[in-house]
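There are two complexes below, and they share subunit A, which is joined by subunit B in the first and by subunit C in the second.
Let's look at the complex of A and B:
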């Protein structure tokens, strides 16, 4: 019963892909998740969210009225990283900190100038620890400010106290210390996860809920065709998302791109297939949209956000968490992305990560074909 | 079953057993040693109460499930070993046909044609025929989601028919479909069997539909009670079916209720102002039956329904008392008007959903609102309950103007929505407690009302289940109990019996007639035309307008006369709606010319 040269199997797949495409185009919620959400995320991550610390409010307590102390305070005042409020009592500074009007306290004790001449001067730095990351940054900035002041004194031929000496710090690959450099590539992970896993499980669960699959099952269609009919359109949608992110990275946020487009595309395709595989696997057992969205959120979206190294450096998390992170595909993809964008095609990093993703693709697709049955119970 | 029968059968099941696990401990037997066969080129009906196993059996036949034990072969293929071969050849319409609502009528049909590998030539021959059959021709570009309920069912049937299946499996295709659409669906099905010799297995809870089939299989709690031509079931009630007139000045439903409660009676229904009843087996003298004393009755021909009710009665001869008793009957206010609707209009954008509707319902009256899907019944209901503002017109409920005194009016009404709208995760008691609080009941009164509801609606035994786990009939009871907690004067019921089996519907109406007797005004919509017989008066609506109103007897007179066949409520309904649509069409045509 073939009439246009295509084998029956391909015609069925084509029919399913066409059906799915109509649904994507006509259902506002799919468009919302598939296209509007990536754009929103690009804008949100790009403009609103920044992990850079600038103009931190700090309270400077001057208990020593000597000119050297005033000079040190001026160093803080002139730094672009701080917004200083000068007080003369520790109590007032603590008050500011409690009211969250200051994120740090720099205390110059009464005996500062005397100790300085003895070579054991100390500057006390207190940082608000509620946000550990930010606290550590403040600490480092304060050290830097003190260091600069020391350097200035040294160049003027003055005595240098034996505190932490002039730490030369430089950030590799992110010379501009611009968080967009790693946030925007990280965004690709989020967008791919949402389209690949989240959207796929939702549309599959919708088919279970509306009973459309039940009618579809009692036709010559095979399970692999149903899965392929779902995979192809969302794969295409995911690639559109990728293109949007790359364009935004390049033209909106001037993120450097040092690797090759080919490596980026192949890596993204692999990750997208992994995400689709997870989505289809979840769909084979979870048949309500509510449960599917919960499970996908926990199994894919949150790990992609927290455990991929995109937002939090995996080297600074406990070993147990590091081990867990190896189980999630997002980690490998983030390594690939950061390398391709910021360092170039470093094969020693690209190949092993890509290999792990490829392995996951095979395992997940085989599992989802096995797990999906044309059965209701 | 002879060998010849088996050869000609398209579906043969032997000792099929299928169980489901409801929870860790509990296993439900859906089908228990079911043996059946469906003959080639015939129409076979699967009938039985809710939970009888009809859907499970059809899903097994479609290869969507495997039996725990026993054999089932469809078109010569075993459902366990070769489900794909069956799925290549049958047409299947699940209870809720999964149409793709974002796809147009044509795109849905094309999808199924593609999946079934129907070539361009076959398509060219088949599609016009399907369009003619389903009358969907003018709507091919419309999205399936925007079709009315009846049209959706027809499209579902069309999708199942694109490849000219050898066997058609239909799971309650007429549930929730208005009489007119139901009539049209049946024309299609009967035409298929007659002209194309398609074999059809159809499950239904409409017993008049079973009567149209060559064979029926009566299922009850997973077991086959009877199998054979419908007449073989009807025969069971032979000589025990009578028609009786109620005492002068009394409503038929009063006598019907008393008869239904009598142990010597199997079944009783109001019909055309009379009461039709089936006497129990083993009772020789009908005159001694209490409620019938002094009344004249005459034997009438048996129907399938009589035999079916006899079969169920044989299993459970004792009937639980199902009449709900109010704590104190509402006072009768003579001819007081409970609901008054005048010139009511509701627009949705440019679309007029309710078009200058007017009717009056007296206190204690049982008023039925009938009409096809999309006639404006639910919209009217929502306005009456103050859930939807009116566009224009007046609306008085319990003497209060709904436009001015919405809150006090709401205190006096109870509303049971079409869909189960209680919290599925809460237990029945928790649901009742919630609704009691919502109505502002507290302390002792609240406790009393909840106890009353549990007792009157027989929900005590199921208090440990969540409401979502309740069997269909019980959900319905719980919804009604919740709507009655605050002792409303007026009860609104929107298609309460849709999808319910005959037994559950009897129990439901027994409660409603009892409430009406105690002074509660009841306004109800239904798709079961025979249920209109319980009403004091009915109104038939279509396309937002009231086409006719009056007593059920008056309505029957609107049906065309047919030889040797008394007009039914359904005939009257179809005649009224078709006549109005014809007039409308000529008016439009004249307007255009």
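Let's look at the complex of A and C:
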């Protein structure tokens, strides 16, 4: 055990890794972040988050008592997108909206059937704009429900209808329009960020704040060995998190994996190193645990969620915000993940993004070794 | 009674001095919320204002030119490449050169003039299916416009039923209008909860908490003395975000400040309560921080901020009932955009009061019994 032929350097690193691993296993909070949190996130992303709209509560106001109007209402009732509450007065529908029991109102006015025979009928849709995205989807589905109803009437020989130009759209890589497909890359980037950056920052800032790192400096262990010994266990934890996410993506959410495992692994290792580097750099610069954790949130966690392009499209933000997004590693990793999972190993996407991440790794590691060594003097 | 109040005030004053004295804490409480509000105000949007598309026009007729001109006239769509072969489509999408590829077949105009359905094929990059869906929606609006002009130009009847759409409280349906009011709660939650958790955990880790306990201050007074400064921090941050929303993003405020701040105070009380409760369970600062983080994550994801609560499975919907952020977001949006009064907000106010009461009394109990 004492001397099993390994060089002294490796033995020192091994000792540090072993000590750090015991610490991870024995502190309930690190186990919580490293293991319970990824599992919780897989469940949240997989089951709780969904932008697919289903059974939106809408109030349908029928002011017209004709059978045609009733038929149209039936069209809304049959639609899987709506859960209808039928009323005959607009005031009752408005009250439902104000109580937030309805997200939209479909109003069929008194003169609907008369106007329909004249070819100029109108259906009014009011959407609750507090959630703009949802309101837009409600509009589109309401239009769809009316369109389908018109088409059914047309095929029953009532009137001929069809747009001069029709769009036939195909969603490549995600034919079924399943939102899990784009949530999985987001899930992976969040898990890696939390383990890589957040956990490392907390652990290192604590050592700095308590002065225990200085105690380590007086031992024969060298700076690079300390950094390696400290980060290797978290690196392993991050890769375990990745494996969990990939397994969940494949077996729980049926997200296709069209690229190669090798590309995914290399890209993830690069991102994990970047995250670790940011964590090391922040904790050695700001040595208080509170300030370090806040900085890490602002520098890694929030950009991974908001500026990585996994949820919100980056093409639409002002140039200044785009520049900021380019400064954070998350967007490159999300781009890689989306492509490797859904499109395959498209080198035109994989190589530039991986190159940027690799560059960030080098810069961050050099900076954090320097920031740590300076304290020895 | 008076003695108790003056003791508590002394602790509150000391805590506030401690915050104001340290420049690092000062900046970390002032700047990040404003920066986050600015950046996320721009980034957190499902609206698109740049859709790069590639065109494969095999028809070269006047009708297809007109349709493409309409696209280019929107300033949202811009043509990044002109394809000549269908085999180029794959590379254009794969490399993310274009978000959409429009393919107009060789018989497009002939079909149109014959009154047959003329189809255009659109291929969208579904790697982010939400973005692709929004872009397809925009395209649909443009094609609708083309259709109704074509009909009136060629004497064709319009479809018998028109759907007219209007959105309440957000007439042009900007995501930003819904997003920024919700950020008031989201951003303040993160810092307020952690701040409260850390301020007690730090004293405990440094051993000064025991010193506090031997002073005449009672556990309940310590709790208030720790909770009030954290709430003031939260109110200060919320005010900053509110100012950014109104002065920078110019989103019209429809409600009353009194109603909004009433909601915010209850929300912050609940957030601080959870923070202090977490710190009563944690042995070290690191644990306090990590535990609060583990809570903030589901709070943020299950709040309705990014995805609607009614889309969630029932189990998760039950969890949102104990999520103070869920209520804060609803209150902020409804007061800000709708201008509703307190009467409409009661269903959101009492759950937060309940969360605050439960967490604060549980934490007081924990502290008292741990010392004994």
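For this structure, a couple of remarks:
Here is the rule we use: the second predicted complex is superposed on the first by the 332 of 377 C-alpha atoms of A that agree within 3 Å, B and C clash if a C-alpha of one lies under 4 Å from a C-alpha of the other, contacts with A are read in each partner's own complex, and residues count from 1 in each chain.
Methods note: a residue touches a chain if its C-beta (ideal position, glycine included) is under 8 Å from a C-beta of that chain, and two chains touch if they have at least 3 such contacts.
Everything quoted here is computed from the prediction, not taken from an experiment.
Within the superposed three-chain arrangement, the count of touched residues of subunit A is higher for C, of the candidates subunit B and subunit C.
In the overlay built on the shared chain, the residue A:278 is in contact with neither subunit B nor subunit C. In the superposition on chain A, contact is made by A:216 with subunit B only, not with subunit C.
By the document's definition of touching, of the two partners only subunit B reaches A:26; subunit C does not. When the shared chain is aligned, subunit C comes close enough to touch A:36, but subunit B does not. In the superposed pair of complexes, A:12 makes contact with subunit B only, with no contact to subunit C. In the superposition on chain A, contact is made by A:312 with subunit C only, not with subunit B.
Shared-chain residue A:369: touches no atom of subunit B or subunit C. Within the superposed three-chain model, A:227 lies out of touch with both subunit B and subunit C [touch as defined at top]. On subunit A, the surface patch touched by subunit B in one complex and by subunit C in the other comprises residues 27. Residues 20, 59, 62-66, 83-84, 87-88, 90-103, 107, 110-112, 114-122, 143, 156, 159-160, 169 of subunit B touch subunit A in their complex. Residues of subunit A touching subunit B in their complex: 1-4, 8, 11-12, 14-16, 18-19, 22-23, 26-27, 207, 210-222, 374-377. Subunit A contributes residues 27-30, 32-33, 36-37, 40-41, 44-45, 47-57, 72, 97-100, 103, 116, 119-136, 139-140, 142-143, 146, 149-150, 159, 161-175, 177-179, 181-182, 194, 198-199, 202-203, 206, 286, 288-291, 293-295, 297-298, 302, 306-307, 309-318, 321, 324-325, 335, 338-339, 342-344, 346, 348-349 to its touches with subunit C in the complex. Touching subunit A in their complex are the following residues of subunit C: 24-25, 28, 32, 35-36, 39-40, 42-52, 67, 93-96, 99, 112, 115, 117-134, 136-137, 139-140, 143-144, 146-147, 150-151, 156-171, 173-175, 177-178, 190-191, 194-195, 198, 202, 282, 284-287, 289-291, 293-294, 297-298, 301-302, 304, 306-308, 310-313, 316, 330, 333-334, 337-338, 340, 344.
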